[in-house]
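Have a look at this one before I ask anything.
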Amino acid sequence: MSSSPSHFVVTFVCDDKPGIVHAVSGAIVQAQGNITESQQFSSEDTGRFFMRLQVETTADYEAFQGALAPIIERYAMTAEINTVGRPLRTLVLASTSGHCLTDLLVRQRDGHLTIEIPQVLSNHDTLKPVADFYGVPFLSLAITDAPSKTAFESEVLALVEEHDIELVVLARYMQVLSPELCQALEGRIINIHHSFLPGFKGANPYRQAHERGVKLIGATAHFVTTELDEGPIIEQNVVRVDHSQSPEELRAIGQDEESRTLTQAVRWFAEHRILLDGVRTIIFK
Amino acid sequence: MSSSPSHFVVTFVCDDKPGIVHAVSGAIVQAQGNITESQQFSSEDTGRFFMRLQVETTADYEAFQGALAPIIERYAMTAEINTVGRPLRTLVLASTSGHCLTDLLVRQRDGHLTIEIPQVLSNHDTLKPVADFYGVPFLSLAITDAPSKTAFESEVLALVEEHDIELVVLARYMQVLSPELCQALEGRIINIHHSFLPGFKGANPYRQAHERGVKLIGATAHFVTTELDEGPIIEQNVVRVDHSQSPEELRAIGQDEESRTLTQAVRWFAEHRILLDGVRTIIFK
Amino acid sequence: MSSSPSHFVVTFVCDDKPGIVHAVSGAIVQAQGNITESQQFSSEDTGRFFMRLQVETTADYEAFQGALAPIIERYAMTAEINTVGRPLRTLVLASTSGHCLTDLLVRQRDGHLTIEIPQVLSNHDTLKPVADFYGVPFLSLAITDAPSKTAFESEVLALVEEHDIELVVLARYMQVLSPELCQALEGRIINIHHSFLPGFKGANPYRQAHERGVKLIGATAHFVTTELDEGPIIEQNVVRVDHSQSPEELRAIGQDEESRTLTQAVRWFAEHRILLDGVRTIIFK
Amino acid sequence: MSSSPSHFVVTFVCDDKPGIVHAVSGAIVQAQGNITESQQFSSEDTGRFFMRLQVETTADYEAFQGALAPIIERYAMTAEINTVGRPLRTLVLASTSGHCLTDLLVRQRDGHLTIEIPQVLSNHDTLKPVADFYGVPFLSLAITDAPSKTAFESEVLALVEEHDIELVVLARYMQVLSPELCQALEGRIINIHHSFLPGFKGANPYRQAHERGVKLIGATAHFVTTELDEGPIIEQNVVRVDHSQSPEELRAIGQDEESRTLTQAVRWFAEHRILLDGVRTIIFK
């Protein structure tokens, strides 16, 4: 036991059954912990139980983990224990459009987004000045053909390995990832799609939206899976538009929604608020 | 010329070219009219020009029409002249779900919706008490097979004829219309779809929305065409939902959006604020 | 113990300290309960702890209550135990404007609002047909002077007594209540104010909003206290308006927000989701 | 007449009377102009008429102005003629908080905000790196007492003079301006207030909002007048919050609304879409 108090965030996922909360809270009492935030959900779709706790305790990480270990084993839980406020190691992939990257960097610097970005990787060098301004390392590798694309993706995996990356963010990175990369990063790679999915999948969603004459356009942050634009949805926002706006104007208007939707998804992930229930996300806001 | 002032709403649609506004405003000056509301739009998609005016004048309908006739002919305009506030003759089709019908009736009675409803027609008698309460004639004709469906649709056309109907509203009417009926009523029949189109077309959109795990659900009011759920969109609204809500709860939550979205679309139509630009709508709010 | 399972909703409020959750969950395990919904909050403002649980159990009400009694005593909790879905006995006060009353009645009848309304009391008879249609007893008592106002308020208290009323709803009831009545009903009387409080307190808020030229108008559901328009806020909604709308149009537009805001507040109250933290509300949605 | 076409934006304000639109459109026909956008409004509050046009013409500025001059005189109009897309000369005042300044700079650079910023003036040097990054001149003058405040305000007026400034933006500039400066810049100085006015005027609005327990917080962009927080409102936005958020979290959440609300107001001003109708604004979106 250390003398200064710690603040942990814990997530549990297991099959739902009676008594879990009592078992969990008992372990926390045993670790002299005080629950400061608690959320839970029982999924009728999958029969799974989800819980997120924030706990203040005088126990250190090891002691706290030790106190929880027996119940994690008893209920066959998938559990994660983190220190509240520890910045998440995040790799950002981008192309030429800077609004999402800028928003992530601004909020991180302002202290409203608990991530650290050891590297921005892009297939263009357009955004180097942005990364430079915010003091974040920037690397660009052009993608012009299949081999250069393979090289780019190898670099992604090398960076994930080197920096012990916990989250990869596609901040308007305009390349389709290979199935291999999608699988290697499953559950820890987030994309922003510039439409209100499942409407307007694929390319040029703002043009599609204009042609269909929709009255709201939106953005969707979702986990990347091997099925394009079909991964679990994390967050969505929309904004009202009207007949007078061109596809180009829709694009300009939609960028705000893209930035704030992606940043919100990254924030929740960094705070361990997102759990997966099959193809759906549980968000403990 | 009559001695008491009139208030007209006029819509014009024609190919865009210079001088239209001057020609129109000149005709209105000639009719001693004063423009109290004016909106216009030039479509880059189709090259068409759209205009909606409200005009106060001492001219009566005939004199006002006579003043506008030359410019309508000169520019080959599709034009409509109506008296502001004249209730639109509206036929409502419904099935068993009453929230949209109730909303239309409540707002009409409160004076916030300038329609009159000479008849509600349903394929069930569930909503008869609602129509009775609001003093609106109600007729139900069961649809159980192809002939009864044909009979129902014949009744629709007969009612349209008999009451000189200007708008048919599908207020959660749960039958797919025949292509013939769609064509016969083209441009004057509005449906409410219980999803944010183009997402979740077809049946059970709330179940689809739950399964896809979307974070916003919505409703779409649109013109009915022969292509199911593909007609020009008039209005859309969304509401935020989360992982904890069942398809049934989504349905309950979504009904508010359905009601207010449909009522809004009907209101705009009744006020002659909706014009068609190909597959898109121009809404002069 | 009964043989058929029960579903209870429990709320606890007490001073915050470690171990509460474990103690509560232990009592629930002892009552063979399964927690299906759980929310908690520790207030930094007041040092109070708030919890709301939904529990499925084979225990009947008495046995369940017995299992919780010791911890309620130990932590000096203010606790409430109710059966999920039991309709709340609700008295509605109204004047001449029917949109809020109608919305409550429509949703109650549709099964989306778990209240029962043994009586609507009004100072006008305007809304009698609405109450009649929905089969709810209606009584009107004119208020024309101080004695008739006193008589009206005495009737309120008599009805609260007679029907064991748990909630009084001011559904656009346009009279200021006496301090005595406010105090007698404290914590169980909800009003809808037709502005976004704290802006535009007092009379004619839509006129005030028009004159100030605000770009959003709103509605606020709040508990009634002796300080006019100053009670704890439960829910607020806004809608966008523009320069072209008259005070009368703002009023018409705002009525939707009033209805849905009030109904939402009543729903949360009926589901025991609202707890008081000094002058602020805790809403466990 | 020049050979290449021009695109002008024109605003007219005058007393309302019949025939204005015809007179205006006649002058535009005479200038061989084509109206591409047109909006008008007749104020019942003040009896004033407001119009904004966008006109394509082969006439140059002088010829166009000459064609309009007679009707401007005849109707005693306040009129402005500008070239569409000409960047507005804008002076930004700031203090230490960078989110609003950053948003303005990002959008200007992205081409979504037609302003040029010859100078950022601040009473702190905190934001110099931001200005440097975006290549905008930055000057800081500390305000520590009455004389230094007077010096600061003299510098504002000197910069307005030197750069022929058309708009002064208070981008979270945390000093109250002197009445003299307010008057000197009347109608061309915009502030962002971090609350939904008229709620929470004055200092620490987020703390006030937390204490009052509101469920939505907002931001208000308004013209600055000598009455603090009472100038004509241009735009307002809100965001939903709940009981769990501290004043500090409200502040962080609200900053997004502040940025986008201020930027929107500046964009409308730069596009000549804002006209004043007494203490209210007419916004031709």
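Read from first to last, the chains carry the letters A, B, C and D; within each, the first residue is number 1.
As a working rule, a contact is a pair of C-beta atoms (placed from the backbone, for glycine too) under 8 Å apart; a residue touches a chain by one contact, two chains touch by 3 or more.
Note that this is a predicted model, so its numbers are computed, not measured.
S.K.: Which pair wins on C-beta contacts, A-C or B-C?
M.R.: More contacting C-beta pairs are found at A-C.
S.K.: Just grab the chain with the largest centre-to-centre distance to chain D, centres being mean Cα coordinates.
M.R.: Of all chains, C has its centre farthest from that of chain D.
S.K.: With centres defined as the mean C-alpha position, give me the chain B-chain C separation in Å.
M.R.: 36
S.K.: Listing for chain D: what residues touch at least two other chains?
M.R.: Not one residue in chain D touches at least two other chains.
S.K.: Which residues of chain A touch chain D once you look at their complex with the stated criterion?
M.R.: Per the stated touch rule, the residues are 99, 102, 106, 110, 112, 129, 133, 252, 256, 260.
S.K.: Mind pulling up the chain C residues that touch chain D in the complex?
M.R.: Touching chain D: residues 41, 43-44, 196-200, 211-216, 218, 232-238, 242-244, 246, 277, 279-283, 285 of chain C.
S.K.: Using the touch definition up top, name the residues of chain C that touch chain A in the complex.
M.R.: 17-19, 21-22, 25-26, 28-29, 32-36, 38-40, 42
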